[in-house]
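Okay, got some structures for you below.
What follows is chain A paired twice: with chain B in the first complex and chain C in the second.
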Partner chain A sequence: MWSLPLRAAILSVLLLAVLLGAWELAVQAPGAGARVPGPSKLFAHAVQELSHPFYDAGPNDKGIGIQLAYSIGRVLAGYSLAALLAIPIGFVIGMSPMWQRALDPYIQVLKPISPLAWMPLALYVIKDSGASSIFVIFICSIWPMLINTAFGVASVRRDYINVARTHELSRFETATQVILPAAAPTILTGMRISIGISWLVIVAAEMLVGGTGIGYYVWNEWNNLNLASVIFSILMIGVIGMLLDLLLARAQRLVQYAD
Partner chain B sequence: MTDSFLKVENLARRYPGSKDGEALTVFDQVNFAIRKGEFVCIIGHSGCGKSTILNVLAGLDQASDGAVIMDGREVAGPSLDRGVIFQNHSLLPWKSALKNITFAVQARWPQWSKMQVLEHARRYLGLVGLKGAEDRKPAQLSGGMRQRVGIARAFAIQPKLLLMDEPFGALDALTRGMIQEELIRIWEQTHQTVFMITHDVDEAILLADRVLLMTNGPQARVAESVLIDLPRPRERSTIIHQPGYYAIRNHLVDFLVRRSKELAGGARGPGAEASAHPREVNPIALAAGRQPVDRVQAN
Partner chain C sequence: MSMFRNPFDPETKLHSAGCTCHSCTATGAKDDTPDSREGLIDRVVESALVREVFGHHDESRRNFLRLAGGGTLAAAIASVLPLDAVKAAVKESGGPLEKKDLKVGFIPITCATPIIMAAPMGFYAKHGLNVEVIKTAGWAVIRDKTLNKEYDAAHMLSPMPLAITMGVGSAAQPYYMPAVENINGQAITLAMKHKDKRDPKQWKGFKFAVPFDYSMHNFLLRYYVAEAGLDPDKDIQIRAVPPPEMVANLRADNIDGFLGPDPFNQRAVYEGVGFIHILTKELWDGHPCCAFAASEEFAKTQPNTFAALFKSIVDATHYAAKPENRAAIAKAIAPKNYLNQPEEVVAAVLTGRYDDGLGNKKNVPNRIDFNPFPWHSMGVWILTQMKRWGYIKGDVNYKQIAEQVYRAADCGKIMKELGYTPPKTTYAKYTIMGKAFDPAKPEVYVKSFKIKRA
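Entry: the complex of A and B
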């Protein structure tokens, strides 16, 4: 009998074939009406795009690689800024019940705001569409990291803190040698949630501000009524999102420990 | 006892009661002393505050009243001079067995070189028979091995006082026996001063020079200090054949079963003022009729 992973893989491929087959048939069926391009057209388009991903023929005609690179760059910039702020603040909140209480109302009010609601304000204050997108990424990725860090730090087992105390570690040593590694898996979970949200939000943000990036690209291709390009971009957004998540999952495995 | 290394004086722990309720006194008037190099066990029923006393000695907890004086200075907080072995090993799970020890050694002697630290840590890991398990994480070790790493870590920092809170409570009987013997062996080599909580009468007799007996809470006290006058080195297999073993054992069990209850709630027999300090008892002499029987009468 075949192994479970092998059987699952075969099933996966079969599903893909059925899905693509049905799609192709539906597209080629006789009748009127607007049609999305079928898999065969899409495949040809993908080959063409991926063979020159970085071409640059003016502001409205750039390769998908360049557009994705813009988006990834913005996500990483906003996300890194958020991490630099959220993790230290989360640490303080987690270690100090007073700060936790003091900051909690702000977090509760700011957290549910859709990141795009910040966009007009950001555009007005920053006066730069690229930087405004980065700000929106920053504001949406800060909360999961902040909350998870605070939670992870606050729930470090009393035993570990006692070990630090009986070994006369300073506050700083306790934070870096005991609390940080103990809370790291929870912090990484927050970072993983954040990168996912960032990637969701960047597409919308770039649709709004335009110029460059994969979100703008999708919208632009829609305006050009180039649906093969739209569908291809959607797939690429999925693939990059998956890769970002995979990266963080790897990092998470590095700091994971069995209790 | 003028040569006391550790003195516990009138220690008490009270919890403020609810609105009109009376304050709860877990223990009060706890007095005892430990000499340098002495192995002292404390036995008492759950809830008498043994663990709180140990945590106060460690500096992790504070008493409501009274003082702990070690080496002429009052204990005010945790210190590397007092090593602690907790019931649940409390190793850092993201560090390997060896790293758990080097972490402690480094904290103890920050000026040591990496080589010195490693060598010292390896030696103590070897002492508990864990050579070859250096790189394993706590989750990859058995319960007994984990507790051994905890013992190695505590001995490695060579504290002036070692505190153990039921270190073998979570182990199965076989493992427990093996580790007890290892502990005796290491103790014979180091003559570390030890204060240990246990529930196990046989364990206390095997390990201790003296056993402190606590009455039941609330208002628990250390009622007796029982001398374990059996020759060392002791071994698990032979100690039960020592003359006097059963005299001691019966005395301890009798206290746990009967007198710990009778003396509970701060009940004072005749000679009440003397009972603030534990009565010193040598069951072997008592059995031989060499010590006057001045058993405290309950009520």
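Entry: the complex of A and C
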């Protein structure tokens, strides 16, 4: 009999075929009213867009590749800034119960704020729409990293730290040589959650501010009520989000260890 | 300054004042800097050209002039380059441009036609500018990006520069509105299900969208329903929705209708979700709508660039006013880079030959029209409505604010330079839905309304 992965793959393809077939049939069924474009139309549109992903026909009309690059650039900028800040602070919080208690109320209040609520304030204060989008990414991706780092650091097994102490390691050496590797899987989990959230938020931020990026692309096609383009960009957003997650999952596997 | 010295004199040096090179330590040239502004511009142009010809090598220029004479050189340059034309071009724009690469923001609606078409149809280039027109998601964002100086100038709604100058709904910053973009060109569109409710008295409880609080759309819709006896703050709901999202909201049944800019009225018809109830030109024929605006700071620190930009807009606006140009304009601004709309929809708006969504073919050539002159009386009317609905409180110096923001004198001057005749006065009386408005008595006008907040 066939192996499990092969059977799963066949099932996956079958599901897709049934779904697309039903969609196409529903769209082509007779009757009046506005319709969502079917898979065949979508496929033709995707081929056309993907055959010139980097065209540049002026400031308001650029290829999907360029738009995605703008969005990825913003996500990486905001995300890296957040990581640079969140991981050291998370370390401090995780290692010091006093700091944890002192900062906890602030984190609890700031964490649930929708990042887009910051946008008007950011535009007013930063006075640059590109930098404001990066700030919004920063503010939304900082919390999962901060909390996971603190949690990971706080829950490193006492045995490890005691062993470090018998070896007379300094506090700094303990942090970098013992705690960091031990907490790394939890930190990476936080980073993985953060990149996912950043990618969700950038689309909304760019729809609001416009100019460039995949969010602007969706908004511009929405103006024209061009649903084929909107669905196409939804798929592209999904694919890029999956790739970003996959990247972090790989990194996570590198630091994984068995107890 | 060396750029003012005569480049056709073998004794002059075109090196700058502090230069200590061998040729600059010898003396002998007479200072004949021209004393008129025109003369100076001529001299700067000549000097720049002559420098360019000799590759900035001053010694070779002087040797050549000693041998051949200044007249020969001038003739030689003129034979390959029309020097007079270059001088005229520079003078026309009032001296060298401080900045050539500009960013101008716009909202993708037909009101912005002159601002948009000036890019693909070369009106900015004609006045020496390289302008990128940037599509923007909404009025709040265009306001913030202009205040942030990400944009040098922008497409705004005609009440916005007044509001920004007074610090109503934003940080106060002196703004100029050098030109109106379009007059008329808006409509009230209702959802298909309301096709039997053509009398505004039946609209109690309706939800309407307008583009922005500080918009002619908001003030005209309020005026229209108030004339029918409805209080716009109590009997209907008015919400600000960016124009591009109005059709989607109408389809989703989030709103019953909107008083919005085109092409979205026509787009609602094209999509079969709404019909055009009334054009705003039937409420007030010739009302202003959108405007071209820039900060006072930009106009003062870069006067030549500002003048060139201003001139491009006035030029484009006049071109757009001619009905015979409208089809070509629709073709130029419909693509994805600009409005991103089907060309037939844009053409229906601009040519005024359209379907109202109820099966009637209409022909209204001035459905939208273009006239750049920013009448002070328009500014005063807008301020009276802001006062009427409580957007501004206390005493309002109507005339002073309107005259500070609406640059009628500057616009008139530029219209004259371009060969058009500006109106002789800046105040006019209007009749709006049968009611007279006298700009000389704004306070009396505000008090005359039955439904008001002031």
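The criterion applied here is as follows: the second predicted complex is superposed on the first by the 259 of 259 C-alpha atoms of A that agree within 3 Å, B and C clash if a C-alpha of one lies under 4 Å from a C-alpha of the other, contacts with A are read in each partner's own complex, and residues count from 1 in each chain.
We adopt the following convention: contacts are C-beta pairs under 8 Å (C-beta built on N, C-alpha and C of every residue); 3 or more make two chains touch, one makes a residue touch a chain.
Note that the structure is predicted; figures quoted are calculated from it, not measured.
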Chain C versus chain B, contacts on chain A by residue = C
Looking at the overlay, does A:159 come into contact with chain B only (first), chain C only (second), both, or neither?
-> first
Would you check which partner chain A:123 touches, where first means chain B only, second means chain C only, and both and neither mean what they say?
-> second
Of the partners chain B and chain C, which touch A:64 in the superposed model: first, second, both, neither?
-> neither
Of the partners chain B and chain C, which touch A:207 in the superposed model: first, second, both, neither?
-> second
Which holds for A:168: it touches chain B only (first), chain C only (second), both, or neither?
-> first
A:219 contacts which: chain B (first), chain C (second), both, neither?
-> second
For chain A, which residues belong to both interfaces, chain B and chain C?
-> none
In the complex, go through chain C and note every residue touching chain A.
-> 108, 132-137, 140-141, 144-145, 147-150, 171, 244-245, 247-248, 251, 267, 271-272, 335-338, 340-342
Which bits of chain A are touching chain C when the two form their complex?
-> 34, 57-61, 120, 123-124, 127-129, 207-211, 216, 219-225
Touching chain B in the complex: which residues of chain A?
-> 159-160, 162-163, 165-169, 173, 177-178, 181-182, 184, 255, 257-259
Where on chain B does chain A make contact in their complex?
-> 58-60, 77-80, 82-84, 86, 88, 90, 92-94, 103-104, 107-108, 137, 139-140, 157
